Amino acid sequence: MTSVVATNQSILVVGGGIAGMTAALEAAETGKQVVLVEKNPYLGGRTVQLYRYFPKMCHPSCGLEINLRRLKANPRIQVLTMAEVTGISGAKGNYSVNVKLAPRFVNENCTACGECNRVATTEVADAFNYNLGKVKAAYLPSDMAYPQRYVIDPSVIGSAEADTIKAACKYGAIDLDMKEETVTLNAGAIVWATGWQPYDAEKITPYRYGEFKNVITNVEFERLADPHGPTGGKILRPSDGKEAKNIAFIQCAGSRDENHLRHCSRFCCMASLKQTKYVQEAWGDEGKSTIYYIDIRAIDRFEDFYQEVKANPNVCFVKSKVARISEDKNGDPRLWGVNTEGYIRYAEPHDLVVLAVGMEPSVKGVDIPAEVMSDSSGFLMADPVNAGIFGAGCATNALDVNRAVQSATAAALRAVQVVNKVARAEA
Amino acid sequence: MAEMKTAAYICKGCELGSRLDVASLVKIATKEGKMAIVREHDFLCSADGVALIRNDIDNEGVTHAAICACSRRAKTEAFNFPTVAMSRGNLREGVIWIRPDTDEARETTQEMADDYVRMACAEVKAMKVPEGNQNTGTTKTLLVVGGGMSGMTAAIESAKAGYKVVLIEKTGALGGMAAKLWKRIPNREPFKAPMDNGVADLVSQIEADANIKVYLNAVIAKTSGSPGRFAVDIAVESGPVVTEDIGAIIQASGFTPYDMAKLPNLGGGQANVVDQLGLEALARAANGGPIKRADGKEVKSVVFVQCAGQRDATKEHLEYCSGHCCATSVKQAMYFKDANPDVDTVVLYTDLRMPGNNEDFYRAAQNKGVIFSKGEVSNVAASGDGCTVKFKDLILNEETSAEADLVVLATGMVPTTGPDLDALSEANRAAESGGAEAKEQVVQMMSKSVLNLDYRQGPDVPQFKHGFNDSHFICFPYETRRTAIYAAGPVRRPMDIAQATEDATGAAMKAIQAMENAGLGKAAHPRSGDLSFPSVRLEGCTQCKRCTVECPFGAIDEDEKRFPLFNESRCRRCGTCMGACPVRVISFENYSVNTVGAQIKAVDIPDEFSEKPRVLVLACENDAYPALDMAGMNRNAYDPYVRIIPVRCLGSVNTIWITDALNSGYDGVMLMGCKHGDQYQCHFVKGSELGRYRMSKVYDTLKGMGLEEDRLMDLEVAITDVDTLPQKINDYAARIVEMGMSPFKGL
Amino acid sequence: MSDMNQQMTAKYKNNFLKEIEEQAEMGDWVKMCMQCGVCSGSCPTNFHPGWDHPPQEIFMLIRAGKRDEVLNSQSMWMCTSCYNCYVRCPRKIPITHIMHGIAEYAYRIGRAPKNQPTLHLSQTFWNNCTKNGRVNEVQLTQTLYFKDGIADGIKKAMAMQAAALGLVKAGRLNPMEALGGGHKCKDIKGIHAMLAKAKELEAKRKGRTA
Amino acid sequence: MAKKEYAFYPGCSSQKGASASNYLVSVESMCQSLDIKMTQIPDWNCCGASVSYAEAGELPRHVMNARNFALSEQNLPERDIVATCAACWLGARESKERLEHSSVLMTDTNTALKEAGLNLKVIPEVRHMVEVLIEDLGYEELASHVKKPLEGMKIAGYVGCQTNRPFGILGESFENPMYLDKLIETVGAEATKYDQKVTCCGGALAFSEPEKAQAQIKDIIESAYDSGAEMLVTPCPLCQANTEVYQGQINKKYGTKFNMPVLYYSQLMVLAYGGSAKDAGLNGQVIRARTLEEFASK
């Protein structure tokens, strides 16, 4: 049975992505008790599934390493992975929260030696790589995974394979009898940092995602470019493994569209600009990128980045919302539309199409088991009166990493204000 | 602290027992490591194993423990003994996981393990448990510089958390730029109409808050001291200078609009052309009624010119985008439409930048009849009683023009960040030798200072791109180069009110945290919580000033005797000073010239006939070392002749380590650090750059020793180089074999 | 309406936009266009081989106050009512109807292009179907093919002969209808009165003299 | 008592001797097998179709549809109106939507209706025959009546525009609706995959802009052939006529050898339900569907 030490002077952070980790760390490094709840088996959220960050083209795992070292060094943070908040009762200064813990089937004895993985045979979809590849049913989600502890996929539980896996572990780390459990804990304030999910591209029917294999999303493209991704960093297209050198990026795939997401997702323009650099990095001057856009939103100091990409002769920009995609016999997606600057019609084939899908909150305001205010897209809004639950990161708005961390730091203070008040009252 | 008692613990789990000759490891720890206690365990990180160590600490008085098991990055929860000095011998990720399990490999693998045990023992003996300096300041009062939206927010949010705040504003009233706005961009549903600028509300909150002390018409005359014990002299107009004790500082000094006089071709300076702030003034005067021009004529048609003097690729004007201007023009167009729907309002833009829910604000403006056109404005000229705006309509693809009673230029933000430190030190150098003019130049620049820091490295926070004080780090927007001083609002990067409010709240969090930790002698980000701090043996100091010059965080001043003066709570514990010191008088309790030097010496160097070279690798603990770890996790084999020592930063690498290593017979030395240059990834700013710069000096020494340049190799490593790094190591090892053994063996 | 034909429109001013909002069906949506161009790329006739001003450009021309270019344009008349633009528009603008609306307005004030075939079809079809309440297909085709005088009509008729004959053979074109046979509504009088009233009401609502 | 009863709005083209008369024939026998009772709206009038927009203007078009609504409400109360023609359905549905949305239009409409001695209170549901089949009966029910599956036949389902956009059939995507394919499979044939499924046939512009329309029709037939289809099936009279009768002219202009029969879904169903060539109105094909004729005779 998992035991959690928490009082009404503790801060609960829901979501272990970069926003949640930041909020937890900032509060803990200011001396507060924090419980950090994450639904994945590992911390880091979507940022660790990115190959590089804009505008510096540095690697998310670098910042994650620092945050993990801060976390390991800080006794004030308790981390619960594979955990989801199912109920919140009470009020500001004194919440009671139910957290459902899914079984990992691996306990803290795990040394991450990998024996279980070696003997496992069943393969399951590799969620970390957006299911573009497969992993063994006993797996470590990624090299940077924290807790550094393997996970057994529920699909093999009860099979003979499970026993083989258990037998392979010399350290009694594998516990096939682990059950789902629910713990109840106290908190004075809650930081809600459940982040975002890519908009379901299948809903954008003119682009035929899911039907045409060579139409993928921007988050999937990150994995294709990543040396630790399913293709070992080679940009190969899904239909036939052909080298994808002529790549189209379609902006506002879902965003700024009343049939889909009302809001602008802010990060997608920069993400596509960044991804043209992956194409350049992979193929040099043979790599061609075309960005189909409505407005390029390289906001504030990101403008430099845009200008730099714009200066690259291998990248061209077409001001046009692509009308539809058809598929040529050789599997090339063909884009149909009109370049609105001068009204030039096009019907362009490309090797691969990347849909710059937008952000929507992974937990919409209405689905949070508590009284919260949210906007028309389901993002959390600040509750001016007497709130004890504070949104952080992409749960509050479509944000890039930098702004998400900023938002999380602010949320940490709002939570600290509440628990300090409680402390003063009890002192 | 009690008598030093050492212990080594050797784990046999994870195949260490079967792959390695543990008996030999035990022997080495005992005989060569001279450990008082040496224990082996089948599964050291288990509850039982941990209990074993815990018991030795509690009952055997062990003060120094060398854990020879897995990487220092693994099993940190299990091996957590804060009261003792601890080293980690990396036998798993560092040895058996990067070596094939073959008979040929067994011997070299064992040698590797032997050395790592020797190194772990040597290191831990050279370590002390940092106790943390208790005599750092403990002031918990926050100083906020600037009484605009960001400053007021920072003050209020900090006070809400129970902290005292001193707020200084250089003008006679709170409110800053926001107070000049008729209305502000909406920040919540339904995002359809401009809303109250909110200044009055914040001002009244501040006036009502006993924890917030406000100085108006005030500037900072001098800021001395350190986090937790700043003494800030506040010069109040027509009043005495007041000194406040301050724990941490938030700089919210705001911005000024880009001077439209620099844009004559866009009509800057003409009668019927205003910038966005100018339009706000007209709107306030109209007070909800029809907006009139300066000459009193009611405006019937208005054209908004976006990106005026912004996004300028020619670099003549602002290169960046100010982020808020599109939404601001939309808001201002609504001023007109709300007062009189028949006013013709046209917004000319190249990219309309209204992220998030501002898209709804854009829709609302269209719904009110505001016309948006994608156009590039080439000229604004007076014509008749108004202006003619010449532009290229990019959609209709033609040169055209529009007439308007009034033209509004969206000119963007220029941050108020004080003088650029590099430029200032340039000027200073010139002034030392130069004449009155150069001196005047310095005075001129100093007059722009916001903080007037009494720091050896200059009066303000170093600037990032385009004069903003932003952090260089995506994951750490508040990672500044002056500890416990945080920029908030448009000084940090261009932003609108909504973002500035969020930003100021975040900055307040960091400032509060910095005050709390300064009092405890704990380091701020990125080595948060580190209790170690640099101590210096002044008697050995030659006053060369390298430490004071090179400290990335301006932590070191010079005392009246020109000795380095360490302001510990400014220090971020990167060790750059330690690496810089030619006489090696600077060290940390748990990280010093000795802790590393001892490891280097501990390695057993086979004689030159053994054909077994030794390569020393000094790896940055943040990127290179994790990459090597992960190479191990992926069982990517690499050369068995390398001996790897993690360092806090390449900046902390003292050249003595290199020369000692080469003198004592190492065949080569590899440095692994992060990317440097404009896109540097070193979290200690210049660490990897400085390290490399210093190494370039070592090459002369190499020549003197008659050694090939390739004996010293400098590698830029990213944390993701998990697959490529082993290859690079092997390539270097091959190069060493080419060059042959070092002639310095066994001397 | 003459006074409207004389109306001056200044560039990038609201008056032509307002005119369209008041006069054209769904015209008040024109200002909502966000200039993405998805409509223009979705229009089937725009690719075979294409026409002067795609929908988005029409909207931009309206905003730019280019009254003549818009009202004289062939563009709106190329609409096949396929509704591709309509369903893909990110602003949910009923583009199909706006195209019809602008065309109808241009025609109403006598600004539609001369001999616009689709306009002629529209007139013919409406008159045909309202004459008896139901369409008389033979008369419809006849009027269409002979609209440009006998000679041209014969050419077209020849071209269509095979098709027409096929339909006749298949019993899907009844030559008898040509001789005033065919289907009729019983209450034709009522229908005519009803339509007259409707025309009158609409004219009044749009401030036009019917 | 029939299983389902509806107010039937056949539309002009479906009348005897008109261009879609064979559609009506097949629909009637299909409904018989499915036990659907369709009662024509007495004295119904033309919907005005899309193309009348210029001459008719806005209100008169709505009024034409409103008259049918009123007649239906008066004579066949409580019943949904069912149209077989896509254009009729769309025109009527649009009028319904617009009238229900605007009180001004509704008042004006009733003022006009008064001239014809009618009044409109509640507007009945307006539905397409296909909706009735799919939503009220369902594919299983439809399949249960199949006596002679059309095995081995490759058919391209040509959905076109107006049953698909802007309203469409519940749960279908505008870009790749599946209902026709499902109907084809329901009767035992194979629905081929091709990318012109929802391309516009040119509609009324087949008359006024024949070159443009025929270029589009060519694309449709061509890709249907490429997909291995031997015939086209549609839910819309205008699509049917345009794709069938102009093949000759297209062949002349482009040198193609098109000769592809174009059927209505209802014709396939009648045959699958064991009906004769006559019941299915196969005699109404301009391009004879010989495979089906043989199939029917077996």
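A, B, C and D are the chain letters, set down in written order, and residue numbers restart from 1 in every chain.
One rule holds for everything that comes next: a residue touches a chain if its C-beta (ideal position, glycine included) is under 8 Å from a C-beta of that chain, and two chains touch if they have at least 3 such contacts.
Here the structure is a predicted model, which is why all the values come from computation and not from measurement.
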{"item": "Partner chains that chain B and chain D have in common", "value": "A, C"}
{"item": "Chain ID, smallest distance between chain and overall C-alpha centroids", "value": "A"}
{"item": "Chain centre separation (chain C, chain D; CA means) in Å", "value": "22"}
{"item": "Computed distance of Cα centres, chain C from chain A, in Å", "value": "50"}
{"item": "Centroid distance [mean C-alpha coordinates] between chain C and chain B, Å", "value": "64"}
{"item": "Per-residue overlap in chain B, given as positions that touch at least 2 other chains", "value": "374, 395"}
{"item": "Multi-partner residues of chain C (each touching 2 or more other chains)", "value": "34-35, 56-57, 84, 88, 91"}
{"item": "Residues within chain A bordering two or more other chains", "value": "206, 256, 319, 324, 340, 343"}
{"item": "Touching pairs among all chains present in the structure", "value": "A-B, A-C, A-D, B-C, C-D"}
{"item": "Residues of chain C that touch chain D when the two form their complex", "value": "25, 44-45, 48, 77-78, 80-84, 86-88, 96, 100-101, 103-104, 107-108, 112, 117-123, 125-127, 129-130, 133-135, 137, 144, 159, 162-163, 166-167, 169-174, 176-177, 182-183, 185-187, 190-191, 193-199, 201-202, 205"}
{"item": "Residues of chain C touching chain B in the complex", "value": "10-14, 17, 31-32, 34-35, 56-57, 60-61, 63-64, 91"}
{"item": "Interfacial residue positions of chain A with respect to chain D in the complex", "value": "205-206, 208, 211, 324, 326-327"}
{"item": "In the complex, chain D residues that touch chain C", "value": "12-13, 15-22, 43-46, 48-60, 62-64, 67, 104, 108-109, 111-118, 161-162, 165-166, 174, 199-200, 202-205, 207-209, 211-213, 215-216, 245-246, 248-249, 283-287"}
{"item": "Contact footprint of chain A on chain B as seen in their complex", "value": "13-15, 43, 45-46, 70, 74-77, 157, 160-162, 188-191, 311, 313, 319-323, 351-360, 374, 394-395, 397, 465-466, 468, 470, 472-478, 493-495, 499, 502-503, 505-510, 512-513, 516-517, 525-526, 528-529, 622-623, 626, 630, 633-634, 674-675, 679, 681, 683, 718-720, 722-723"}
